[in-house]
Structures are given as structure tokens and as C-alpha cells.
Amino acid sequence: MQELIERLRSFRDNRGWDKFHTPKNLAISVSVEAGELLELFQWRPEDAPLDAETVQKISDEVADVLLYLLLLCDKANIDLAAAANRKMDHNENRFPVSRSYGIAKPQVDGEGP
Amino acid sequence: MQELIERLRSFRDNRGWDKFHTPKNLAISVSVEAGELLELFQWRPEDAPLDAETVQKISDEVADVLLYLLLLCDKANIDLAAAANRKMDHNENRFPVSRSYGIAKPQVDGEGP
Amino acid sequence: MQELIERLRSFRDNRGWDKFHTPKNLAISVSVEAGELLELFQWRPEDAPLDAETVQKISDEVADVLLYLLLLCDKANIDLAAAANRKMDHNENRFPVSRSYGIAKPQVDGEGP
Amino acid sequence: MQELIERLRSFRDNRGWDKFHTPKNLAISVSVEAGELLELFQWRPEDAPLDAETVQKISDEVADVLLYLLLLCDKANIDLAAAANRKMDHNENRFPVSRSYGIAKPQVDGEGP
């Protein structure tokens, strides 16, 4: 991940794009790309198998979401991997196996699996 | 990232949540969490500095987006870091420094910095 | 719809909220509310019947999406109902019954039903 | 609005598209279209004036969001205009002028203007 962040910084700075990268704009970009990812599933039956072409498109869109997440974290001085691990600590406490097994979180306390 | 993926898989499987994790549902979750991230910026002036409390909230939301991205990638057999690097290869070709310096992508060819 | 627009304008102006209502902020709000609407479906099976409580929640969220759409249209001088009718004219031409019957748009030309 | 709903129903049923229109799929579509709307603002300065071409694009996207909202409401037996008026009743109580004037809702109680 560290290499990717450095690659992104060079990419951004070599093009003088830092000035567009306010945290607000980058949060918009994460959301726009998440919408493009979702569009790939818009009319798909829930259980339809993923063909190679769709996987390729998904791959492009998840990449875009991650790239903008990393650019946002860079601006906000957030270590994304550390943040994800802290969230996992929290989730492990919040959803003890004994109370959560096989139950979608909405039925536990208002969030999702 | 690999450690995080394994942690997520254990978390999911220990709770019997795999059955909820269709690619379509996970793409929905990425989008829902991206919306929660965006909400933190909803009424903020573009140039408002980020205070510690807001950074903490951003940190929680970027974590959620990443966690669902990784769960989706796990289901679709996508290596997220590799996908992001391929996208960077593509972006570097698409936006040569000489044609892109200081110009938001929309003015180049319809995308953003 | 016209009554609703006038009610929204009074609500906004009586509270001095016009200054927050840039088109960009309102587009963010539409997206944030659409995410809250989507969250209600996050882990639902596609064919699960809608109970009264869920319908009430959907009702609150579709209302929020519409209210922000109308506030955005007010700022951009767009007549939302007229825009929707123009889009329907366009869709009726684009998806002739003879070529579209029973086929999700993705298979026709890249959009959804 | 009633005319628009009837036009949408005929459009949908003439093409045999009702089978794709689960509430969940329609909520996805609202979110996808809201993302396309947001994309138009992705790199725009907050105070940039809206040119005629951008207004035309906004007009197309707000129309798509409304059309999917109406299709979702049709499936969930929700009267969208009535839902919006109920939400306005609620908002008028929740944000009394005396406590809300000129203050973004986040500072009042966690929501936006």
C-alpha cells in the first residue's frame, strides 16, 4: 500500500493536480466511483455468476475507489490500513460470534454484515 | 493488505456471514459507506481545515469503504492492490504530464484529476 | 409540485439557509440521501416483501431525495417535471417496444430498464 | 406528477420491464443516477456559475433520479408528493426558525440545511 501511495503522490504532483484535491472533492470522487461500481450490478440477478468481462470492469472500478480513498487519506493524514485494522477491532467487539452467528447485522443492531 | 484480507475472511466466516456477501450486496455496501463518508463533507466549506474529531470520523468511514471493497474483491477473485497498480499504468498513459499539467481532467477528456 | 417548491423556498429562506445551498452542496445532499435510501435495502433478499415499517422508512428517504432535487432545480432554474417529461420523450425513442420487450437495457445499449 | 407516474407505468409495462423493477433494484438505480448527477460537480469550484450546457446535463440527471424515485414509490405504494409534505411538516417542527436561523443543521443536531 505504501508504494501505491507514493506512486499516487508523484502522479498527482507531476500533473499539478494537488490544487483540485480538497478533501471534500476527493470524498465526492469516492462516491462517484462507488456509484460506477454499483452500476455494474444494477440489473444483475443477485446470484448471477460473474463472467470475465464483468470481473474486469469491477476490477477497474474498485481500483478507482481505492485510489481516491488513498488520495483522501493522504490529505487527511490518515493511515488507511491502520484505520481499517482499528475498525476491525471495533467490529470484533461489537459483533461477538455468539450473538451474531448467521444473523445479518440489521437484526443485531442496525448495521450490515 | 494481505493480513487485512485474512482477518476479514475469518471475521466473516466465524459469524456465518458469507451467505449475505453476494458481490451485488457488497457493491451496495461500498456505495452506502461512500455516502456516509460524503455526508461528513455535506455542508463544509471547501477550504475548511479538518479538525481532529472530523479526521476521526473520516478515518472510520474510509475504513468501512476499504473493508467492503476487500470483501467484494475476495468474492470476485480480484487482487485489489494489483488492480490499483494496473489502473495507475493506464492513468499514466492517458494523462501525459505535458498535456495534463494543472488542468482538471474534465477539460482533457471527460474525467477528473 | 409547484406548492412543494414554494413551501421549500419559504422553509429555506425563513432559516437563512440559502447561503449553504450551492448547487454542488445540493448535489452532494441528493447523493447522501440516495445512499440512506439504499441502506434500507442493503442486506434484504431481492424478493423480500416490504413490511409497513420499512415502507415508512423508504417513504422518509424518498422524500429527502425529492426535497434536495427540488432545491437543486430551484438553484439551477430547472423545471423538474418538465425535465422528467423530456427524458421520457427521449427514452421512448431510444427504447422502441419492438426492440426492448422483456430485455434489460444493458443488453440493448448499456443502460438499465 | 400523477401524469408522469402513469406515463412511466405505461413505458415500463409496454416493454415488459416490470420484472426487473424490484424495490431493491430501483433503490440501486436512484443511487447510481444520483452519482451521475454528482459527477457533474466533481471538480467544479463551489461558486462556479452554471453554464447552459451544464444546466442541460443536470436537467437530464435530476430527471433520471426522479423517474427512478417514482418507479420505486409505485412498487412500494408510496405517494411521493405526500411523503415530501409529511417530511416538510417534520422538518418545520425540528428546525424552529428561532433556533436555526443562519446555522447549518450539523451545528443544530447532526443533519444538513
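As written, the chains take the letters A, B, C and D, and residue 1 is the first residue of each chain.
Rule of thumb we're sticking to: a contact is a pair of C-beta atoms (placed from the backbone, for glycine too) under 8 Å apart; a residue touches a chain by one contact, two chains touch by 3 or more.
Predicted, not measured: the structure shown is a model, and the values here were computed from it.
S.K.: Could you figure out which pair among A-D, A-C or C-D mirrors the B-D interface, over half of its contact pairs being identical by residue number?
M.R.: A-C
S.K.: State the pair with the higher C-beta contact count; candidates are A-B and B-C.
M.R.: A-B
S.K.: Roughly how far is chain A from chain B, centre to centre by C-alpha average, rounded to an integer in Å?
M.R.: One centre to the other, that is 2 Å.
S.K.: Based only on mean CA positions, could you tell me how far chain B sits from chain C in angstrom?
M.R.: Computed from C-alpha means, the inter-chain centre distance equals 24 Å.
S.K.: When you check chain C against every other chain, which residues touch at least two of them?
M.R.: 20, 25, 28-29, 31-32, 34-35, 38, 41-43, 46, 104, 112-113
S.K.: Could you list, by residue number, the parts of chain B that touch chain D in their complex?
M.R.: For chain B paired with chain D, touching residues are 28, 31, 35, 42-43, 45-46, 104-106, 112-113.
S.K.: Would you pull the chain D residues touching chain A in the complex into a rising list?
M.R.: Residues 20, 25, 28-29, 31-32, 34-36, 38-39, 41-43.
S.K.: Can you tell me which positions in chain A touch chain B when the two form their complex?
M.R.: That would be residues 1, 4, 7-8, 11-12, 14-17, 19-25, 27-35, 37-38, 40-41, 44, 46-47, 50, 55, 58-60, 62-67, 69, 72-73, 76-78, 80-81, 83-88, 91-92, 95, 97, 100-102, 104, 112-113 of chain A.
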